[in-house]
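Below: the structure, in structure tokens.
As written, the chains take the letters A, B, C and D, and residue 1 is the first residue of each chain.
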């Protein structure tokens, strides 16, 4: 009984807070907002932060309903501009067509914790957007403004190392999304002198990394992830011998910045900086998973290609059939069982390198003749490598050009598909998603634009060795 | 001959640079700009910086001609949205109606010196705009983006003092626009412990103050400027006795940021900060010129007012006539001669305070009985004070509400017209423009919004004493 | 065979290095050292850092043998000064009596890593000193100079918190000597808003904390350590309610600075700083172990006191005998078994507070009626409390005034013995060394000097409640 | 009458302050000083700062009288040590022989403004020392401690440039002692990109430069000062062409640090730093006055030399006589009249270079044929050059080796006398003191020690060209 009463009281207080927030927003884009916007925005921001889930939902409904442009007015001005083509009419039209919501958000942003709150608001909005498509235009306004404000020209590149504040390092541990960091000792290995970690910060969010990338400095392009992550990795090589910078993990920290391009800029800025620090490092590449490969392979039926010769396509289809025959139901179960259990003699995806003592991997050295089983494993590896090359370079309507999200990201950034490494990630997740394969994407600053253009027009830049697989 | 040849060669080089810049801009908003925008923008920015005046002009023409939205497409989408009112159609419309120029500017801003260059570009654009109205829409795009980027939420408030870098202080000296700073010793006086100077900075322009304000901490609201500027002013009063913070100068440093609201935010943020540092300071006011007063007084014919009683208006007109009679041609010569020459016994605008030994001024104490001349001077002072009160509070169509730009700025910010001080600035400029009068505008943080609303609706908030003058 | 050869070669190289180091040192205090001391010192420092253990030992022998003052010359000048008492003769005498070693160390200190190396050298020297008393004078020179250089006037007080570099926090974890820090999560609890950690740094050793203290902000003076260390301690109280700052741990980080007073200065500087931040915190106390109490109690025979009345001493001796009777051999085994084993119904040292649910302790509330065992436990507690009070306030020749090192430190700093808390530390170490008791020493800045003087003259300042125990 | 009374009252207050200061000092080295020294020292320091001149004098008397070691005790311990030679006895002796005043100063230094005050105290002490030799031992204690604390290992090297705080630049202007800085515009020229200014700071005196040096980066070793000081000097040369770093001014800022070696360390540290920044700069030299040359030349009678051949000495004496004959009384009037008056056709010391249009000087190009006068001027120049070479390289008992203080400073630092430049400084001061000549001293880091040793043993390292003059 008391419970219910107090809940009612809470609801009433919450409703009051919401209705005052709405008033603030109306004032903010009205006359009062002209003179005293910072104070009004500060009130509104604090009110928003006190809203419970229901209040937030209603507030988004309000944003979607009340701050749209006036369709009749826009239409009138569009006609006028189409007639006159005068710059004055263009100015009028552009002003009228921009949703007033954008001005509201810009004014909210003037408050002390404005930017931080808007980024958090966007994260909540994206959550709601999944089930409420009416918020599409609201979200477009957020994305538009955040892209303008989190422009790389405004971001600071910060090196994260063992001298960084614990506060920041804790966030790195928390947000690492590719290869989980298992506590402070694990983190420390990733900040040793042969490693680098860089993050982007916005000046008004000094405690919030936006995105960060982890890099290993190496003598050769890496073909397996385990040696890079081992906590007891050997003492770092002489810096004079570094030739390769391998980006082995990139993680976003701010869900509210979805759609704001950050990773592309981060990789290139870090590459430039490392090129200055280590003039002998000329190769900038990634070591990346293919997270949708297993799923694709399980579902694909007959491979088709307009670009490859029919004979080549036929051979690949035969290989796919043979692979499936060798693994019967297993392929259907997505190879996943192979991970985590040592009971199978020759898992199709095990890495020879990963089995070796030195952990350096040894792509292509094969798993020496072990009779029938060994031969099957070899055949599996070859088949997976070739099918992966097909997957990443093909543009069949259904699968789309490089439908793998990681591939899409790097190829769209202008990277080249450089090498496919079977057995490069034998962790449970690596086997389940990528069947143990990993890819090196190569960032050659001179070819970025051409590679990107090829990708935009439906092609994929690939190295001679990858093309040789087909 | 050689001269002309080399000029021709320079022209050719310049044309090449311009045409490559145009190519960069097209790439930047095209496909290549998706993948490698920072590098392309960096090239474009450096090319722009090397353009001579002709090249800059042609570049602006290009910006005006090529990067407008497509009128037919906008019209089509406006019709569609007016029909459907769907959020998806709104998103399409808003995207199509925004000039692609804005995206171009956002991408240029990604380059290392991007923001700095765009601000400089705007300054050059404003210069061109005076004679070329086709640039109106280009300028609107600049103003729109710069307002979003130089949002007060992104600016840092920095106290400027004698521990600031010489580099910065030199810029303060150079940009002071209200009361000129005559070298380092003069500056130093303005940074003593009873003075404050604050500037706004943008994080990516760490060496460029955007705007700054100079404040005097005082025991009473000031009625004359000279005592504040005297280099040999007495040792500062005990900080415990400060009750008033007087903003006596505010200067913009970046012509390229015209139209971007900065002063309004700066005054309020400084007032908040001083209120924290000096809890006993409760009065935040200005000591401001009325730079268009002399000009108005010289031209105005018969005063009319819908708000004052006819008798009051009649009295004012009589006073105006008497003033003119006393000064015959002089008023026509804008009182300016009075400045700089000591030969007249009782200049109409001399400040009793300014004549006194202590320089503290003494509003209204009168210039002791000097017979006929003295009486005339007194009458002048009273007439000027009342006519100034009329000028600053009236809204005759022709003159507009507070057509004085300084008054317009403070009243629109929500300040109140607090006191008119005759003879407060007897410098040549002060006499010529303001006939020696200065005004205190009062910033009372609780009344800001109401004051602004009154001003927006055609009225002017004024103190009882100012209203008493009418 | 090869082994031995290469060892011989190493020895030879080492000997060469040592002999060059000796040459450098001789040059450094000789003529060459006048002009180029920084370069010579830099060479010497680097050579010292490469020495193996044998080389270090021989180097110390050299320091002990070669850089003493000339006894005959000192004697001559002492006679001359005793005769003349002239300032000139005093200058000569003081110069001659100072071991040239000090000038050598001052010149070594001019090298880039000089100070750091000298502090490390001292740590090695102290290690040797345990077995080689010839190094006494060398060590005195080190202590003399380091005390002058690590003068509190030169040290920076730095607050350590979760925004501090991981590099620093790692050293805090490593050097905590009183209550071990069990990893990063444990550390984090000690840096929450109701806790403080401060360290002293020397400007030329920016990565090396010298000493640090951990403080808990509380509502009441604490009577048990466990509640302060619990990782899941409740959310911090409202800062408005803090009344007590309890120093619960102080740890040196630099063994090479032994004998250099740092802790005394640190406690007082932190107290001043907290008093400014929290004006309502008026009580600055410690919660300290009595690490030698168990040992003393095991060995002491009959208590004697010239200051207490004979009857009181007699009562204490009776109590000691009864305690021993109750615990027979156990007291001889130093009560240590009680820790870590739950098998005894009423361990003599268990804290009632520590058994309670809230962990806040509850001094004196007794361990509710448990029949005979309970009565025995109560009697044990009372006896231990009184015997501890006797131990800490007495000055029997054999035991010395407050022969406990922690008591000696705080009492010599001018603190007062404020309260004895039985059962305050039931960790294994706490039981073994202090029989579970802890002490609050109170720092009242107004009484520091008087308390210290009393201690210096053989007395101990104690609160009324402690005196009441006797 | 009132005057006198109030003076008496002031005296009484002053006496009270002094007597409390004396009490503080006694406490500070007594028992109380053990526990609460920072608080006592803080009181004492503030009291000292309030003393008037008389009080300071009496305080120094106290320092001289009360804090000496006990002669009998020192003598006893000196005998004991001479007998035992034991390290323990050495420790006792060293402790007893050190004046307790040093411990007093070390404890005063623990107070917040301690170091700053002690440096100022020393400056006042040096002033008193001129007339009161009883303070010799007090001063020796100050110098001893300040040398230990202002050890170059503790100092920070700071580059002073146009981005430095005005506060600091103002002190540079004020303390420049060699070539006066005439205001901010003049200073700015000395901070342009082809110039450098570096200062030493102590970490606890962050606003107080201790000493600074001004450097010009040049293509050739400079032979005249005027071109370096001209405010309108041409735009800086391409940094790639810098080959020489010329130290043209070095100034102490702290009179209280007299006797503490700073300049020697500063020059070498700056040379190292510039060598890193400009690998092609290999020549580090000075352009220095010979401030005592005119005085020496006016007084010297017959030149004698044990090192030169008699014929050479004879030739020099002839040249001296001829010079005197040519200038009769003028040489007696120290050539000073030549400065500042343009009326003489061929002043003996005018620099051809300084007369030229480009101001680059042109050593040895001669002052074109002007007949007799011109010939006399040439002869004067040659004579002055040779006499100066003699002066700077000779060690006649009376004049001492390089009795010129600037020469003594650089030669003792290990520099080499590289070149003598007649007519290099035609300012009034340059003519009066140095007869217009300036010297390049060369700092070759490899020869520092050898050059210093030669100087210490009575010789002077000079270049072949300087030696050729003799």
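Everything below uses one rule, namely that a contact is a pair of C-beta atoms (placed from the backbone, for glycine too) under 8 Å apart; a residue touches a chain by one contact, two chains touch by 3 or more.
The model shown is predicted, which means the values in this text are computed figures rather than measured ones.
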Farthest chain relative to subunit C (centres taken as mean CA coordinates): B
Distance between chain centroids, defined by C-alpha means - subunit A, subunit C (Å): 52
Centroid spacing, where centroids are CA-atom means, of subunit C and subunit D in whole angstrom: 45
Interchain centroid distance [CA atoms averaged], subunit A/subunit D, Å: 63
Interchain contacts (touch definition) - all pairs: A-B, A-C, B-D, C-D
For the subunit C and subunit D complex, residues of the former touching the latter: 27, 31-32, 34-36, 38-40, 64, 68-69, 71-72, 74-75, 78-79, 81-82, 85, 87-88, 90-91, 93-94, 97-99, 106, 109-112, 114-115, 133-138, 140-141, 145, 147-149, 151-154, 156, 203-204, 264-265, 268-269, 412-414, 445, 448-449, 451-453, 456
Interface residues, subunit B side, partner subunit D - complex: 162-167, 169-170, 183-184, 188
